Every structure is written in C-alpha cells, then in structure tokens.
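Each of the next two complexes has chain A plus one other chain: chain B in the first, chain C in the second.
For the complex of A and B:
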C-alpha cells in the first residue's frame, strides 16, 4: 500500500490553509517530522477578518445551540481517540498518560458545554441599589480573542486555552508553537463539530514573529497568553495594546468559573421598578 | 455639445460616424485578461500607497441607492463625504455623494458651496425600462432639485435588440436635458457580458455626449471588473484620438477594499496616463470602499490595523 503522510495546515475561516508566505517550520516527533505553516502577518490579518465575521455567526446561535456544538466536539474526539493517543505517544507521552489526557480533555469539553448556556446566570447579577430601580449587571462576550497556547503536550491544556472564551460567545484565534501538531490535528474535529466558520481559527507558528502586529491590531479585543512570556515582550505587548484599549491577560486561570471571567464585558442596566 | 473641464466636444458626433466607430470593434479577450493580471501584480511602495489611497478618497462618489434611504441617512452620508476622517486633516473630502432624485435637495443643502458634488441617478435607474419621456422627466426633476451630476443607464433592451441607434438617441436627448451638468452613462457591464459589447456601448455613450462612462449600477451581482475598466479605458483613449475629447471613467459595484481600488488606479494610469488620476476623470462609486481606505490610511500612519468601529458611519 502507498504510504500516505498527512500535511497539517492552519485552520482559518473553516478552511485548511497553508501560510500565504509559503513558509514552514519543522516539528520533530519521535517517529515523524512535520512541516507546519509559519503564520505570517498577512495570515493573521486574514484570521482576524474571519474571526470578526465568526463572532457574529457564533453569537447568532442560541446559547443552547452553542452547548450542543461544543458537546459535539467531545463526541468527535472520542471517535478519533486512537489517533490522538498515537500522536501524543509520538510526542513522548506514555500510552496511559495519553489516554488520561484525552479523558481529561473530554471532561473539560463537557463541562464548558454545560456552562455555555448557564454562565450568565452565574456571573451576572441583580445589584442592590438604594432607589426604585432594578440594577442589573448584564454580561456579554468581549469579541475577538487571541489566545497563545502553552507548549505543554496535552490536548486538555490546549482545549483549556480556547474554550473559556469560546464557550461564552467570543470568537477565538488560537495560536500554538511547539505543540502545534496537536492543535492542527484538533482542527479536523473542530471542523466536524459544526462550529460556524471563523468562530475558532487555529494557527501555528512563531509568536515572536507576530506579537507586535497582534497587540496593535484594533480589531482584536483581548489577548490571553497561557504560556509564560518574558518581561520584555509583555511590556511591548501592553504598550501596543494600550493604543486600542485591548485587554491583556498573562497566564489567566484555566479552571472553573474564574477561567471565563477575563472574557466577559459587563454592562450595567438601570430600570425603574414602577408600581 | 459636451462640456467637461472647459473642453467642448465641438460638432455633435453624428450617428453615421458613430456607426463607423462601431464597425471596427474587436477586443482580444485573452490579451485583456493578461494585461489586467500583469497590472494587478504590481507592488506599490509605502509612500505611493498613501498617495494612492488619498486619491481614492478624493475620487469617491459615496453612494446610497436603496428604497429604505431617508433624509437622515443621506445627511449622515453627506457629512461623511465632506469630512471622511474627522481626526485627520490630511484626508481629502470625497468627490461627490450619489443619491436618488428625491433626496438630491437634502444632500445639496448640506454640501452647499463645498467641493463635494451631488450626483443623482436618473432615467429610471437601475433598469431604465420606461419610455424616453419618463426618463427625461426623471432627469429634469433631479436637475431642478440641484444635482451637479447625473448618472443615467443605457437602454439595454434596445442594445440587445440591436437597436444601437435608439441607445444613442436616448443619451443625446438626456445630455440635452442635462445642459451643462456632468453626465455619467452607466453601461451595466455585468449584463453586457462580452468585452466587445462593453466597448461598443462605451463608444456609443461617448459619441452621444457622455462626460463619463460608468461600469455598473451596483444593483446586480456582476458589478464592475478590472477587465471592463481596461476595455472602457481603451474606448476612451480611441475616442480621444479621434475627437480630442477626454472623457472620464467611473467604476462602481463590488469594489470593497483599498487594494482593489489601487489596482483600478494602476489600470487607468497605464492606459490613459496620469491626467486620469484626478476626480475630474476618474471616480469610484462605492459605499463600503471608503471605510476600508480610511482604515488603510490610518494603518499606514499608526502602524496598527484598524477597525471600522472607530470611523464615522454613513
């Protein structure tokens, strides 16, 4: 039989694309080496354009429907469990750790799927005010969120870097570096889960090559890095981001309700009570 | 007969000589496509890009042509045409606003003596499927309301039935009704389909006295194309060789981003020369294009990619 090797590509706007620059970088695994797209500034701009549209289409769906779609992602991963385990083992994990990681990932997805239509009840509030008013903290998703995934070899970790923002209605550009094979492999199941195109874009590359542009880009509303950044680049990012009042989160929580808080915009609504 | 920038097309171009023009029309389709694709790959340096983007703003006919248009919407758009980017004094005003006849007086009241012109579509835009008398009424109404420029559509029914004479005569009659007002004739290239048809329609419109020829109404999915623009440029060039009259070109319909707009500029510049890089000879009819151009201008100045959220609506 002819040996078929897979070429992993970026997942942008519901399509698998190479970098427009044609550039790649290599990730060496134990038995295989992969050439992945080295995301260029132009690729990034395309992803932002797509996320901007994706935000609208993702938010047009009811929260209940979003729950179903996120849940479907866990179904897809379960169906392809073997291929994930194989890939994780090739990354250096033992078979049992790899299986455990997939279990965790599926649990995480189910938890966020459940949260997707309930979070506003948990984080929103009717505030006590002195007067004949209702005072309501209404919660909305921030918009387009850029997330930098950690280098840890774990599907669960990867999922925890984009689901907190995605599950509450943000559209996400998820960027991975050294473990990008996992992310681009996951793209296939993301694509099969009925997520509207642009709601989740998965990119691979070198963050140092693009962070200057990302932090300046006015259309990105928040940048969350789940990977430790050095002081210098963090300073540049914060300075650049200040011109567009972009929110920057360095190593935000990946667990529980606190994980979604950074991506929520609160609007306070006053309404007369009347008698 | 025709008057544009002080030039006059002296003797009316007779139908007999127009026929002769049409006889020789042949367009090399492959050649046109090749030429456009080679011009489209040209890269533009940063400083030239800024200049080009400013040109595009100054050539914009900011357009709204919807049944839902209201006075408020037109006022908002006109304000934007006069001051596209209130935070940047170096961004020029747009060339004109383009509206339906019933909204001309509102726009005109606001533009007053500024250099933003008011253009009105007429002749039962976009279909033109009425008798000439109605078209003339429509046009006269727009002029009485204060329109500086009139955008008419050619009679495609007559064109496809082979009655070129009727197409020609209607434009002549409408030009007469326009007097000294600027007349732009819309060919609707998406419906004409072949390059030869586009060139024929261009020549008929020019010979009948149009100051500008315009690609599309923007009302069908097949809007402007760079190829059509190239063919029209060639017609304008040919007509100038024969009569000495320099007509303008307006591209409209489906031009949504700055990059595309710059490619159109390259085509007219290469085909007709630098004189055409001027709002008196080249225009963009657009609604969403301006936003993208403003975004790109600010991007060049601040080095940060922009969101339309921070630019005026309209």
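For the complex of A and C:
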C-alpha cells in the first residue's frame, strides 16, 4: 500500500493554511523531507490580525479555564507520544532522548498550566505606601507577542518559547525556522486543546525575510527571540522597534517565574481610605 | 470671589551656597571638564545666572564610564548589608540638609518651595530609605538567587523633578549593586551636584556614583558609550525613541519612562468638590511639568457645565509667582524653551476652535510664567488633546457612557497614568481594568511613593520604577 505523507501547514486563526505566496522551503530529515510554508509579509499580517482577536478571546476566559486548556495540551501530546518520538528520531535524536524530551515537554506544560491561575499572586502585590491609601500592583499580559524559536531539536524547548507569554494571557505568534516541522506537528494538538482561535499562531519560514516587517508592526507589542540574533538583525530590530517603543527581549529566561516577567505590564491602582 | 491677599512669606536663600562654576563628579571627586566647555544654569523665576556647569564631551563621558567600571569591581564585592548602610546614610544626610536642597531646587527649577519642601525632598529621602532596605534582600525579592546587576548603568533624567528623578534612578541602581553614570538635565543640574557632595561625605567608594553634566550632546555620548550595560531614561517619548534606536546592535538593558497624556475621568456620580481638587492637583502640580499629569479632563456630559464652573472658580484661587514664596501654588515655567512650546500649543488650540479660559493674575516682570489654563469645546483630534503640553494647561473632552470614556482615554499612543472619579466602587474597578495605563489614581491623583511601581504602557515606555517591581529594572533575573 502506498504510504501517505503528511503536508505541514502554518496554523493561523485555528486553521491550517499555506502561505498566500505559494512559496515553500525544504526541511530534510533523515528519512523524509518536507515542504513547509515560507511565511510571507502578508501571512504575517494575517497572523497579527488573528492574534489581536485571539488576545481578546483568550483573556475573556477565566484563568481557571485557561489552566485547564493548557493542561489539555499535555494530555494531547501524551496521547500522541509515539508520533512525536518518531518525528524527533527522524530529526536525529535517539529514541530515549526523544522520549525524555517529551517527558520534559509534558512536565513543562503541566508547570505552566498550573501557573496560569497563580502567576499574579507571585508577581503582583499590595504596596505599603506612606499614607491612607489602598495601593495594589495588578498584573496584566502585554498583548500580542511574537517569538522566534531556537533551532534546537526539542519539543520542550519549543514549548518554553510560547508558554511563558501564553500562560499569562498574551496571544503568541510563534515562529520556527529549522525545527518548524515540530512546531507545525504540535499545531494539531494545539488545535485539539480548545485554545481559542488566534491565541496561538504557529508559523514557519525564514526570519530574515520577515523581521523587518515584524519589528515595525505596531500591533505586535513585543518581540522575544529565543534564538541568538546576529548584530545586524538586532540593530534593525531595535531601530524599527523604537518607532513605536515596542518591547524587545533577546534570549529571555526560559525557566521559572523569571520566564514570564518580560510579558507582564504592571498596573498600579491607588485609592484613598476613609469613612 | 476675590482672592484673599496674603503677605509675602519668602523662604530665605541664604541657606544655599552656589559656586560660580562646577566640574563633573568622577572617581569620587570633582574634576574640570575635558571639554573646557561650560553652560549657564539660570533661575527661571528671575532669569538670573546661578552658575556655570560643565558640558561633558566624549572624553568626559569616557572617564566617567571608566570610573564606574572600576567602581563596579569594588561595589560588586561590597556586601549587600554594607551597600544598604551607605544608602541609609545618604537618606539621613538628605533629611538633614533637606531645606538647603529644597531651596536650591526651587531656585534652579522654578517649582514652588511648598512642593520642593513638602513633596520632592521627603520623597527623595524616602526613596533612599526604601531601596536601602532592599539591598540585602534581593535574594528573596523575586524568589530566586539567580540575580545579578547589569554593571555600569547610564542614567539620564529630566528637569521637572531633578533630585527626585535622581533618587528614583540612583537608589535602586546602587541597592542592586550597579554603579552609575548620571546625566542630569541641562537646566537643573544644581541639586545633583550637591548630591555628589553627599556621596563624598558618606565615603561612598570611588566610582560608584559618577555625575556628568551637560546638554543633549552629553546625553548622546552616554547613550552611545560601549561601556554601558544598561540605560535608564526618563524624558520625552521622542528622545526615548532616539535612545531605543541608538541601542542598535548592543545587547544591553533599557528602561524608558516617557511622556503621557493622561485622562482624568470624572463620572457624574463623583464627589464633585473632591474631584475638582483632584483635577486641579492633577494638572497644575509642578506647573504641569509632570509626565503623568492629568492633562485630559474627561467629563460625563451631564455634569460638564456645573463642573467647569466649579473648576474655573477654584483655578482662580491659584497663586502664581515667586517659587520661594511659601504661599505660591504655581511657580515658574522651567525654561524659555518650554514656555515657548506651551504658548505655541495653546495658540494652536485656540486657532483650532478650543475655548480658552485663563485665570486673571499679575505675573512677575522677570522670569518665565504661564497662567493656569483650561480648554473647553475641544475635539479629540485637536493637538491640545493629543500632544503632551507639559505645562499648566488642561484640555476638556466629554463622554456619555463608561465605554466611551474608556475608549477616549485609551485613544492615544501614551499609557502612563489615568484618573477615575466616582463614588461607585464597582465602576472604579471596571474602569481601571480597561484603561491602558501603568498607574491609575481612583478618587485621588498624583500620589507617589517609593514602594509604588511607576511606569507606562504603550509609548509611555517600559520598565517600572519604585516598589519591588522597580528592582527588576536593575537586575538580570534567571529562573
């Protein structure tokens, strides 16, 4: 029987889409090679439109609800463990390393799932101001976040690039280059986890072809690169970002509470006390 | 109602001694500038030249950064509790010499002595006390020991709260183990220079605090210096953007506290007399030279006429004049340049069709002054409703529903602060949740505290100053 090969597409607004440009690039694995969408500027703008809406729908859900949705992602991955392991092995990992990576990824998801309804208790606080005032530093998600993922072959690493911002309520455009097969494979489980459309968009392509546009786009609130950028890219990104005071995070923490700190806006509210 | 006549009550300036010429403060001592260039700092209330200050050039900034690098070697090995003690000592000295600082601040910057004495200076001391106490608790501040300072921090501060902005920047930077090169504003360097003397007096290790005075070119040298690991800036959004751009390929820390055009929303169920007081304080505090000033008054339509009537009456009681007079509410505009900017924006507002009310009062013949001003009949598209005027000018807009109030309030590139006035608690929380602003004052305005984080959303910048959150502006945190 002829074996059927999967076509990987970008995951935007809850749908699997090809690049409007029709362009693709090739990722060659050990036994298989894949043609992936080469995300164009237009694709990216569509993703931002979706992420804007996704931010609202993600934030309409209670944090309790968001916890369960993120937890569901771990259930989905566990259920499809074999297919991930197979794909990771095709990327060059040993079977045991691949299994270990899935274990780590699941643990990471479980950790962030539980954080989704607790983080504000860890990062916000009352402030003991001198005077008769109630003063609280409430915590809010930054908005639409674009992440550039590392090229390391690891589902855990991939997840650590979007869960910090996603778990606290940001919507995320997650962009992968060399490991995009993993990301677009993950899209299937993201799709089955009840994440609202647009809360997490997964794209593949060549960052050098889109970063000028991304760093200029005023509706992307922050750009976080989990991959080391060369000086030239960093220069362009900072220059473009400065036109709208966009937040730029180069190699942010991927671990623990510090991983979410860049994506928080602190809103401090004062009110007098009295009778 | 006519204004009551007050006798003058002038704070004596004999307590301050101003040198005719100042150098930079580098490596623990004052030094003559390499540039050999000086500029004059002028009292905006008398136009009298107070002193000549050095204009730092590339070599001056180089020396200061090198000194801060050397200082970092010592400071990073200084135990946290020792760092704390230096800051406590500075706080104490500031309290002791508070009156001297307050008079000098009012002379150099033009703000009323009432404010420099009762607001700026107590807050300055409080900031040093507050952050002193964090110096030996950083490991428990954010639940991780994996924290470290940036190293040499370049700090650029504005002229509206010269010494307080120094305190906001220097106290947390030193508490977290960084060393500092500070560039004060061109028009208000004198209190920073006096602060440098205190650093000498407490025996702060050499190179931990460095001060380079000058103008925009000096700031630019500092921002572009390769030896800086982090830049902290407070000032206009346009300069903030210049700085973010200038960071370029350097992978360094950056926090920006930029401009604002805060909405002060008054609902029809507010306590109107209190709201009038809050609105007056919101815009006329410090001549309106406040980035978080409540410069857009948003009135619910049905209370517009009544509120404006009360507001104009209250405004008429404001006393404009000599900053050193203890009865003065509104001091001098900080500089000729700023006065021209305010004048031009107000003229534009009138030409656009805004209705202008200015209080009747005599203005001194010398110095830079502007009458407290109120615009009504304004369209949201007018520049006076969009641009930061940074002066005693309030612009009024109206709304019908809470949804509309929020929409108008957020319809700006800025997001620094906002005010909400209503007696209904649920409406405060509903509104506060929806406002894009880093600081929200409900039934109050322009309150500050070292423990309370301050900083903006959107183009008002990023990073927070003050509070536990303020530590993050000076620490690299992993895990």
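Here is the rule we use: the second predicted complex is superposed on the first by the 274 of 275 C-alpha atoms of A that agree within 3 Å, B and C clash if a C-alpha of one lies under 4 Å from a C-alpha of the other, contacts with A are read in each partner's own complex, and residues count from 1 in each chain.
One rule holds in what follows: contacts are C-beta pairs under 8 Å (C-beta built on N, C-alpha and C of every residue); 3 or more make two chains touch, one makes a residue touch a chain.
Nothing here was measured: the structure is a model prediction, and the numbers come from that model.
Asks: One more residue to check, A:137. First (chain B), second (chain C), both or neither?
Replies: second
Asks: Between chain B (first) and chain C (second), which does A:261 come into contact with in this model arrangement: first, second, both, or neither?
Replies: Only chain C is touched by A:261; chain B is not.
Asks: Taking the superposition on A as described, I'd like to know which of chain B and chain C A:243 touches: first, second, both or neither.
Replies: both
Asks: Examine A:234 and indicate which partner it touches, taking first as chain B and second as chain C; both and neither are also allowed.
Replies: Second partner only.
Asks: Count the residues of chain A touched by chain B and by chain C, then name the partner with the higher count.
Replies: Touched residues of chain A are more numerous for C.
Asks: In the superposed arrangement, what residues of chain A touch both chain B and chain C?
Replies: Residues 243-244 of chain A touch both chain B and chain C.
Asks: How about chain C: which of its residues touch chain A in the complex?
Replies: 126, 142-144, 146, 237, 240-245, 247-251, 256, 258, 413, 428, 432, 435, 437-444, 447, 449, 451-455, 457-462, 464, 467-469, 472, 477-479
Asks: Can you check the complex and tell me which residues of chain A touch chain C?
Replies: Within the complex, chain A contacts chain C at residues 122, 125, 127-131, 133, 135, 137-138, 231-232, 234-235, 238-239, 241-245, 247, 250, 253, 255-258, 261, 265-272.
Asks: List the residues on chain B that touch chain A in their complex, please.
Replies: Those in contact with chain A are residues 302-307, 309-310.
Asks: Over in the complex, which chain A residues touch chain B? Could you list them?
Replies: Going through chain A, the ones touching chain B are 45, 48, 213, 216-219, 240, 243-244.
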